[in-house]
Each structure stands twice: as C-alpha cells, then as structure tokens.
Amino acid sequence: MVHKIENQYKEILNQYMQRQSEQNLYVGQNFSRQLISENISPEEVISVHKAAMQEIYKELPDVVWHSFDFLIEMMINYGLALQERQSLLQRQEEIRVEMDLAANVQETLLKTKLPALKGLDIGLLSIPARKMNGDYIYFISDEEGHAGIAVADVIGKGLPAALCMSMVKFGMDSLNNSPASPSEVLGVINRVVEKSIDDSMFVSMFYGRYDASTAALTYGSAGHEPAILYRSKTGEFDELYAKGLLLGVSPAAAYEEHTVQLEENDLVIMMTDGVTEGRTDEGFIEREVIFELIQQKKDEPAQTIVQHVYDELERMQNAELRDDFTLVIYKKV
Amino acid sequence: MVHKIENQYKEILNQYMQRQSEQNLYVGQNFSRQLISENISPEEVISVHKAAMQEIYKELPDVVWHSFDFLIEMMINYGLALQERQSLLQRQEEIRVEMDLAANVQETLLKTKLPALKGLDIGLLSIPARKMNGDYIYFISDEEGHAGIAVADVIGKGLPAALCMSMVKFGMDSLNNSPASPSEVLGVINRVVEKSIDDSMFVSMFYGRYDASTAALTYGSAGHEPAILYRSKTGEFDELYAKGLLLGVSPAAAYEEHTVQLEENDLVIMMTDGVTEGRTDEGFIEREVIFELIQQKKDEPAQTIVQHVYDELERMQNAELRDDFTLVIYKKV
Amino acid sequence: MSNQSSVEILTEWDIVAARQLGRNVAKELGFGTVDQARITTAISELARNIYLYAGQGRIEIQQLTENGVKGILIIAADQGPGIPDVRRVMEDGFSTSGGLGAGLPGVKRLMDEFKIETIPGEGTDIRATKWLR
Amino acid sequence: MSNQSSVEILTEWDIVAARQLGRNVAKELGFGTVDQARITTAISELARNIYLYAGQGRIEIQQLTENGVKGILIIAADQGPGIPDVRRVMEDGFSTSGGLGAGLPGVKRLMDEFKIETIPGEGTDIRATKWLR
C-alpha cells in the first residue's frame, strides 16, 4: 500500500513539475485528502516527497536532501498532533453516544401522562437547547376531574440541570397523583429542592390546578415566567402573576395562589423563559409577537397553536435555540 | 512575529545545513513545538522553509522551489485537520467542566447520612470508574436503633447509569426513614424502577436491616453481589445470599429475606461487582485475595479496612478501574 | 469598490477554472503563497459542494476594498436542494472524519468571514471573505 | 537476544546523547528515516521528562529479536518523585495543549508498545518498544 502511494505521489508530482498548472495542483490536493484519510502523517508525506524527488532529479545537490531530512524532523510533532485529533474525534463520538443514551433515559424517567379531562384541550412542546432538557412539564390528575399542570425550569442548562430535574419529578410523584392546591404543591417541592441540591441550583415553577366541574383555575408561581390568559370574548391577553420565591432558596418560602374563572375558548398559556427570551439578530423577540402568533391560530386545536408558535419563533431565530423551550397551552372547550 | 520566526528558522536550518548533527536536529524539533504552540500550520512551515532555503541557496534550480510549492498545497488539508484538533480540545474541556459540575450535583443529590448506631462501626468507600457514579449507598435509620443499609448498582456506567440512580434515591426517600424489612424495601424500589425506566436498564441492590437491640441482621438481595459475613470467632467467611430478581425486571418480583445473628467483632461486607470483578494482567482477582486483605486489617476500625482493600486492589489493577467500586464494611463492636 | 468575475459550475473542470480564477485574483491583490493556496482550497471546496450536491451553480470572485483594506470575497450560489441541518454540517468531524475534505467548517477556517444562507428546496448562498493583512 | 547501551541523564546535553544513541541503533537495525526520527523523538521526550521532573535518571536502548522480528526497546528509569496521577498524564490534551511537546501519550503513539510503572516517592520506569515491520 505504501508502495502504491509512493508511486501515485511520484506520478502526480512529476506532472506538476512538468507544468505548474491549477489542474495539477487540484489533483495533488485531492490526493492529500486521501492521504489524510489513510492516516498518512505529514512527516511521511515529506519522506515520500523526498523519495520521489530523488528518483526524478537524482542530480540535485545534497543540500536539497538534507533540507528534506530537516523538514521530516520538524513534522514529527505535527504528526503527533494529528493523531491526537483522531483520538479526540473518537472520544467525541463516544460522548455523543453516551449523551444520546442519557437523553433517552431522562425522557423515560421524566415521562408524564397527559390527563384526559372533559372540557380541556391541551397542547404542549418541550425542546431542549442541547441534548438534555432542563425544562419539565408534569401532569397530575384524579378521578374527580381535577388536573394539576406544572411547568418547571432549572436555572442552568445541560447535564447538571437535567440531573436536578429528576428530583422535581420524584417530588411531584410523592404527591401520589392528588392535585393539591398550588401553595401546597410548591411548598412540598420547595422543601425537596432545598434539601437535595446545593445552593447554586434553583428551580422556577408555575403550577395550575384546574377544576373541571367549575372551570376554575387556581395557580401559583415560584419565581417563574407568569402564565398568560387569553380571553376569547375580549381578545385580550392577561398575565397570571403570583408572588413566590424560586424553589430551593429558603425552606420557609410561602407561595401565593389566585383563582380565575375560564370561559369557553379561553386559552391558558404556560411557558418557560426559553419561549419569551428568544433573540433574533435585531434583539429580543417582543411578547406581542408571541401574542400575535397565538391569535393567528386561536381557533385551532391547542397542539396546532403550540406547534405554530414554535415553528415561527424557531424560524425567526435561525434555528438557534439559546435556552430550553417549553410551551403548554390549554383551551377551555 | 512571523518575521522573527522566519529569522529563527533560517538560523536553525542554516546550522543544520552546515552540520547534520543530532544537536541541531534537537534544536529544530524543540523549535517545531514552539511553532505548534503558536498555531503555525504545516503549510506555513514549508513556506518558511522554502524562503529560508531561497536565501541560503539562491542558486538552486527552479524545480526545487516548485517542489516546495507543491508541498505547500499538499499541506493545506493537514493544516485544517490541525485546527480542528484545537477546537476539539476546547470542546473536550467544555464537556469536562460540564461533567464535573454534573458530578457535583449528583453527589449533593445522592448524599446520605451515616447512622450513628450503638455497637456498629461503619466504613465505606464509593469510587466511580468515570466521572459519574452508577453505584449507590443509602442509609436509613430510626430512633429505636434500627438501621437500613442499601448498596445498589445500575447495570451500565456513566451518565445514563447516574440518571437512573437518582430514581433509586427518591424511591428510598419515599420510605420516610423507616428501615422496613428487606423484602418490603426491595419490593417498593422494584416497582419504582419498573415504572420509571425503560426495559434495558436494571438495578441490583443488597439491603440489610440491622437491629441494635438484638444485633440481628436481616438481609435481602435483588440480583446483587452477595454480602460476606466474617466470623471473628472462627475466622471464616460466609456468603449472605438471598434469592431475588434484579430491580425493574418484573413488577411482581418477590424478595426473600434471611436473618443472621452478629457476634462481637464480626464483619459484614457489602459491595458491588466493581470490587470482586477487578482484573489484573493475569486475570480476575480471586475472592480469596479480598478475604486475605480484610483479614490483614480485621482488628482496625471499619474505615481502615475499607481503605486498605481499595488501596491494594487499585495497586494490583494499575489504577485502572473498569467499573464503579463500592465497599461498605460494618463491624459489630 | 468591487470588481467581479465568475465561473459557472457544471463539470469537475469548472472547479479547476474557479480555483484558477481565485488564485489569480488573490495573487493580483498581493496575497502570499500560503494564503493563495488557502483561498484556492476554500473555492475548491465550495465549488465541489455545488458540483456534488446541487449539480450546478456559480462561483463568483469579488475584489473588495473596505476602509483602505483590500480583500477577496467568494460567493458560492446554487439553486440546489439546500442544507437541511446547517448546525450539523458546521460541526467538526462531521464531514472530515472520513477524510472527505475540509467541509464547510474548513472553508470557515480558511477564510476570515463566513456566512451561509440556505433554504430547503430553494438553494444555498455562501459568502466567504479574506482580508489582506 | 538483546544488546544494550545506556546514557545517564543529568544535563540537557545528555538528552542529545540519548537521541544520538537511539538514532544510531535504529539506523543499524534497518529502520527508515521517518521511523528513526520517531524513535529519536520518543527518546527525546522520555529523556526530557527525566531531566525536567526527576532531575536525573537513565535512558537505556536495547536491540530485541523476538520470533525473528527485530525491534528496539527504550527504557527510561529514574528515582524521581513518581507520577501521582498516571491516568491524567496519559490523557490527550493534558500535556500537549500548551504545545509543551508530545507528552507520554505522544511517546505511546510513536512506539508500538508502551508500559509505565511509577511509585510516588520512589521513581518511574517506562518501557517502549518499536518493531521493524
């Protein structure tokens, strides 16, 4: 094989020495790719080059051959750096596989079941900025027509955030599917988070409890992006704001709760800051842009509205997600 | 700066052309390291080499200069591969930082409190083979002198295993610090694991419940490495085996439990397969070797015994851990 | 100020013609041998991409002067299928691990500025500039 | 069969002497120019490690013949402080990212076989072999 390469090299070099044309350089450069793909190191290239020159131009003075020997010595460390690249590429591939597997584990671990509730049409989407999602949606529901819907965001992204999120999930699990009041739920999760993670990690969460029999929504927030209520009758957007510290800051934190009455075709929009803090080349995307997008599809099913908002925001940002993106819309039908 | 490099190169090359000594090659090669560290690409080296030769040997025929031009063209793709190495090294460093942070989060998340129990001296060590630990030790204890000690191992290593382990921890948390019987505890965790992770992930666990008032140990196992009981009186090592499926295989799995009576200075040795399946160049490390190591230090505190076993096994394996290593020894005092 | 010329890419020979055009312009502007070779390699890569993935397109070479600094601009435009996942194509190791060549990250490294616009089904427009230091 | 010779490493000049010894043996055994340069680089790296981190030590070069195949064995031995974290020292990028040289992973790559034994406080023994193909 080495012999074949030497012959090919001599042939290509000889062509170039006859005529210094672009065509011959093009052939040479294509050949150099082949050499790299066969792990031929730069010092070997110089050595093959020297041998080819020796065959074609025997009569050249010794200084030329010495000069190539010197170049070979200079290239040894370059060759090593290139081998290092190979093993780094391999390592990167291994990490990619491990991350993919971990992302799968996380998905299974955090899966939650959409409640089938009379009078409520739910659409949702949660897209991680990197491999692992640091946003989370959790549903609770009981037989009596109560549904709890939580949207959480770990401050931070990637792996560390994903690890924290598993804690929120098991905290929610410990509620045993009874959709308690927002101030209770946020209080429980706050203590779990406070106990289990270090002081630099915080979680924000919005929790809404919907009662199908009265169409009332009770909500609370732990330092989370406020939800939005779209009033079908007036076409207005209202913020659903509730006071409350981030989860994990203080074990004694207390959480407000408020109640609103939903009317037919009203929309409740819960999200993380990855939705509202998207950026284009011109700066932050205005909230009004998002309202506009929702209004365009307000008569469609909730999932269609969610998908439309995501598609349009992604397009505006050139497909570059800076933060995990989570959007839940429910529609009173 | 480029000018300085050109001059230095010419100087060093000139020395070598005068006398092809090892000394001059050594100087040249050291200089090539400097070039790499200054991100000088191989095509630039050839170009600098050509310029130096042109100054020193003006009279050489044109074919020599053409030959260097050809080499420059051949080296462009090599230069690109080297730049890729730089960015891969940077990416690797970023991942290292993220993994370190995640390992910290995991440690805080999974931390467990050593029970202070009359008559029981506990030593332990858990060393991950990679960044993240897929082994786990969990303690439960109550006011009445009962202590539960669990050692678990997720099948698999690294990130995916670490994510699963958080689930075991929250399963144990849900027991609310009441050290129940082994068959109960393993049953609860089995259902949590079965529900939360996919079919390819399994966890093995050994659980022992110690009653300080009677010095009785009740134990059960979910497909885990058996614990070892060292009888101080006879100097014998007995296996503490109990039948039971791996956690996560079947929601209906049932777990046996057995009870042994501990006497003064008896040792209970719980571990993961990372301890018993260590390998040297000559093959697996025999169990007898581990027994021997324990016996050497049996009169020392439990932590000293644990550390001694780890140090010696690590040495035998040339510091290459193939699997997470977890060892808990408790001594009846 | 800009001064332009272009080559239609239809056959592999046109790649060589685009290289030749670029090298001439680079030389004329005063780029050294190594930079000439780099600019030529970037053009080669872009032209080859057009030839392989779009079937046909155009390489345009412009001379630039901005604030007294001279530069060369390569435009590679085609009406091919576009690049469905730009993020992935710009990743290290994606195109180079098999030794397939510099790929687009390579072009980005060979030049000072790099911009890509691609619409699936409509085509791709890549602009890369190198300034004379 | 083995045939040995060695160089004490005390000053930087001894690095050059060790290189020279290794290159001579490699040449004699019939290694080509590139392999001679690689073997010499490996010796250089090991000798430099002794010089920089242990203060003093010894490079030994042996000619080997095994099953009719010839080879060269480099032994680098010192009574220096030892390497506290071998795993880390053998990691890519640890010693090379600053362009500090090939490092031990480099030596491993330059040769066919590589073995390291190190005891903190007692010293380090590295053996690297390259076979004549």
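When the chains are written out, they are named A, B, C and D in that same order, and each has its own residue count from 1.
By definition in this document, contacts are C-beta pairs under 8 Å (C-beta built on N, C-alpha and C of every residue); 3 or more make two chains touch, one makes a residue touch a chain.
Just so we're clear, the structure is a prediction, and the values are computed from it rather than from any experiment.
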Next on the checklist: Quick check: how many Å separate the C-alpha centres of subunit B and subunit D?
Outcome noted: 29
Next on the checklist: Using Cα averages as centroids, what's the distance between subunit A and subunit D in whole Å?
Outcome noted: 45
Next on the checklist: Two-or-more-chain contact residues of subunit C, please, as numbers and ranges.
Outcome noted: 41, 92-93, 101
Next on the checklist: I need the residues of subunit A touching at least two other chains; which ones are they?
Outcome noted: 25, 29, 33, 36, 69, 73, 76-77, 81, 84, 88-89, 91-92
Next on the checklist: Edges wherever two chains touch, nodes for the chains themselves; is that graph a line, a ring, a star, complete, or other here?
Outcome noted: other
Checklist outcome for this item: Checked against the stated definition, the touching pairs are A-B, A-C, A-D, B-C, B-D
Item to check | Contacting residues of subunit C [partner subunit A, same complex] | outcome: 15-16, 19-20, 23, 40-41, 44, 86-87, 92-93, 97-101
Checklist entry - For subunit A, which residues count as touching subunit D in their complex? => result 41, 43-44, 47, 69, 72-73, 76-77, 80-81, 83-84, 87-88, 91
Next on the checklist: Applying the document's contact rule, which stretches of subunit A touch subunit C when the two form their complex?
Outcome noted: 22-23, 25-26, 29, 33-34, 36-38, 89, 92-93, 319-320
Next on the checklist: Applying the document's contact rule, which stretches of subunit C touch subunit B when the two form their complex?
Outcome noted: 32-34, 37-38, 41, 92-93, 96, 101-102, 105-106, 109-110
Checklist entry - Which bits of subunit A are touching subunit B when the two form their complex? => result 13, 16-17, 20, 25, 28-29, 31-33, 35-36, 42, 45-46, 49, 53, 57, 60-61, 63-64, 66-67, 69-71, 73-78, 81-82, 84-85, 88-89, 91-92, 95, 98-99, 101-102, 104-106, 108-109, 158-160, 162-164, 166-167, 170-171, 173-174, 196-198, 201
